[in-house]
Amino acid sequence: MPALPLEEAGKYVAGAYVVFAALIVVYVAIMAAKLQRIERELRELARFAEQGSPGTPGREAEDVPVDSAQPPADSDRNLTPSESVGGAAERVRGGS
Amino acid sequence: MYGKGLKPLSIATVAALAVSLSLVFFYAPLDADQGFVQKIFYLHVPLAIVALLGFVAGGVFAILHLRSGDARWDAYSYVSIHMSVIFGVAVLATGSIWAKASWGHWWVWDEPTLVSFLIVFLMYATYYPFRYAIEDRDRQARYASVFAIVAGAFVPLNFTAVRLAESLVHPRVFATTGGGLPGEMMLTFLASLAAIGLLWVTLVKFELTAKSASGQLKRLRRALDAPAPGGSSRVAPEVG
Amino acid sequence: MMTPSRRALAAILAKDLRTELRTLQSLPAMALFAVTTFVIFRFGLDRTSLSGDLAAGVLWATLLFAAILGVNRLFVAEREEGGFDAIRLAPIDRTALFAAKAAALLVYLVALELVVVPVFALFFLDSAAALAPLAAVLLLADLGLAATGTLVSSMAVNSRARDLLAPLVLLPLAVPLSIAATGAAEPLLAAGGPSYERFGTWLAVLGLYDLIFLLVGYAVFDFLLED
């Protein structure tokens, strides 16, 4: 089978690499959703622990995503989960 | 601590991918037979090799799990297989594109390695419905390890059988594997292999870290006696 | 020499065979299933005689699917009647259970073929010359199915959706076996008369498959019975 001319071949090669890149991005997106869920649950738990009483933590009005006030999560900062939750809670309390 | 070392690993992976992609498109010579299309080889074959090694690793971790009873090995086994199945999707997709470009069809039965890989992929894809159908967590982990070992033994047998079944009339489609790669192509291939390998390890570590975080969350929740969140009641492998 | 393990093996095997003979349930049903499937193939392929690759494929596919019906039932009795607990408590090598179950499955498969293969020859083949070497091929293939079928069935029996799970996992596992069995059967069933092209190779693959999965089953079965 003769080799395809460059223009046609290029599309296939690009297609293969695009599929590869797309799979990586999809995976990252799924992991991001998981991470969001972990963050949300940690926030609930922190609130629950601070209240110190049993009972379903309600969804309060202050539970607005604080991302606009906060710089995006930066891996260089090495924030531990408890630090960032505590910090976010502080900011929300100060802001509302 | 699963997350330890994830940052340097990710950086190394990005660097390796950048280097290997540059080599593929700026350094490796054009193949005499297949032309530009041959460049897919540098993506497809390393993905396949890494995926298969990942399945083998899953089997090895499973053996360690059964011998020690330590749940961490089960987590390694689960994530290794998971990542290799995802890489497997990429192998089949890139293989299909390569087949279309070389042979004109989106799938060819004449390429024994690709066909063997499909069968292995189908085998490991049953790992999930199998695992999640078992409700007791300890039993689930043990049976999953047995599955991983059985499937690991299956892989070489499968490749042998498919290769033997190959009709002697049809020529191999992807004639570049083995058969003496020139030096520049070999270097590019090895660089790609290293990059994809690093990618696999990084993503596995990434997933283990996420699972570990979920596990710690559950532990915290239990310690605080907090009510459970609404969500899937599926019994999933836990990393403590 | 009858060691405790061997005695246990014989006892479990005898029990299974006795149960099966008493109820005579699944064997006639499996045979009926196979024969009806042949009729469907006759119309589906629009052929009244088969040879070579088609014959090998139709025969093996039918046997495989009938075997899967049998596999599903292998451990159901144990689970429902609490047989697992009795075996766990008994001071014997648990792999005796694996050997016994695999042997029972092997006996079922051989019995099934004793009925189904002559019917297949009657329906589709021109001569019975191939049947003797074919029997050897099928016996080796049955051994492999017995090993993997027992393994898969013992895992699936403790799960939800167990009727779906055993076939789902068993089929890909049976692919190398299928390739080798049909690879050997195809020249045997060739239109001009049996040919032994690559017969040795395929028998070797079958033997290798059997050996590997019997060993693996022997090694891991203990872990499947732990509570």
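Which chain is which? They are A, B and C, in the order written, and residues in each are numbered from 1.
Keep in mind that, in the parts below, a residue touches a chain if its C-beta (ideal position, glycine included) is under 8 Å from a C-beta of that chain, and two chains touch if they have at least 3 such contacts.
Note that this is a predicted model, so its numbers are computed, not measured.
Participant: So that we know how the chains sit together, what is the shape of their touch graph: line, ring, star, complete or other?
Facilitator: Shape = line; chains linked end to end, path left open.
Participant: From the centre of chain C, which other chain's Cα mean sits the farthest off?
Facilitator: In terms of C-alpha centroids, the chain at the greatest distance from chain C is A.
Participant: Using mean CA coordinates as chain centres, what's the chain B-chain C distance in Å?
Facilitator: 31
Participant: Could you put a whole-Å number on the gap between the CA centroids of chain A and chain B?
Facilitator: 24
Participant: How many angstrom lie between the centres of chain A and chain C, each centre taken as the mean Cα position?
Facilitator: Taking the mean C-alpha position of each chain, the two centres sit 50 Å apart.
Participant: With touch defined as at the start, can you tell me which chain B residues reach chain C in the complex?
Facilitator: 66, 119, 122-123, 126, 129-130, 133-136, 139, 142-143, 145-147, 149-151, 153-154, 157-158, 160-162, 164-165
Participant: Taking the complex as given, what residues does chain A use to touch chain B?
Facilitator: Residue positions touching the partner: 1, 3-4, 6, 9-10, 12-13, 15-17, 19-20, 23-24, 27, 31, 34-35, 38, 41-42, 44-45, 48-49, 54, 56-57, 75, 81.
Participant: List the residues on chain B that touch chain A in their complex, please.
Facilitator: 7, 31, 33-37, 39-40, 43-44, 47, 86, 89-90, 93-94, 97-98, 100-104, 199, 203, 206-207, 210, 213-214, 217, 220-221, 224-227, 229
Participant: What does chain C use to touch chain B in their complex?
Facilitator: Residues in contact with chain B: 148, 151, 155-156, 158-162, 164-165, 168-169, 172-173, 175-176, 179-180, 183, 198, 201-202, 205, 208-209, 212-213, 216, 219-220, 223-224, 226.
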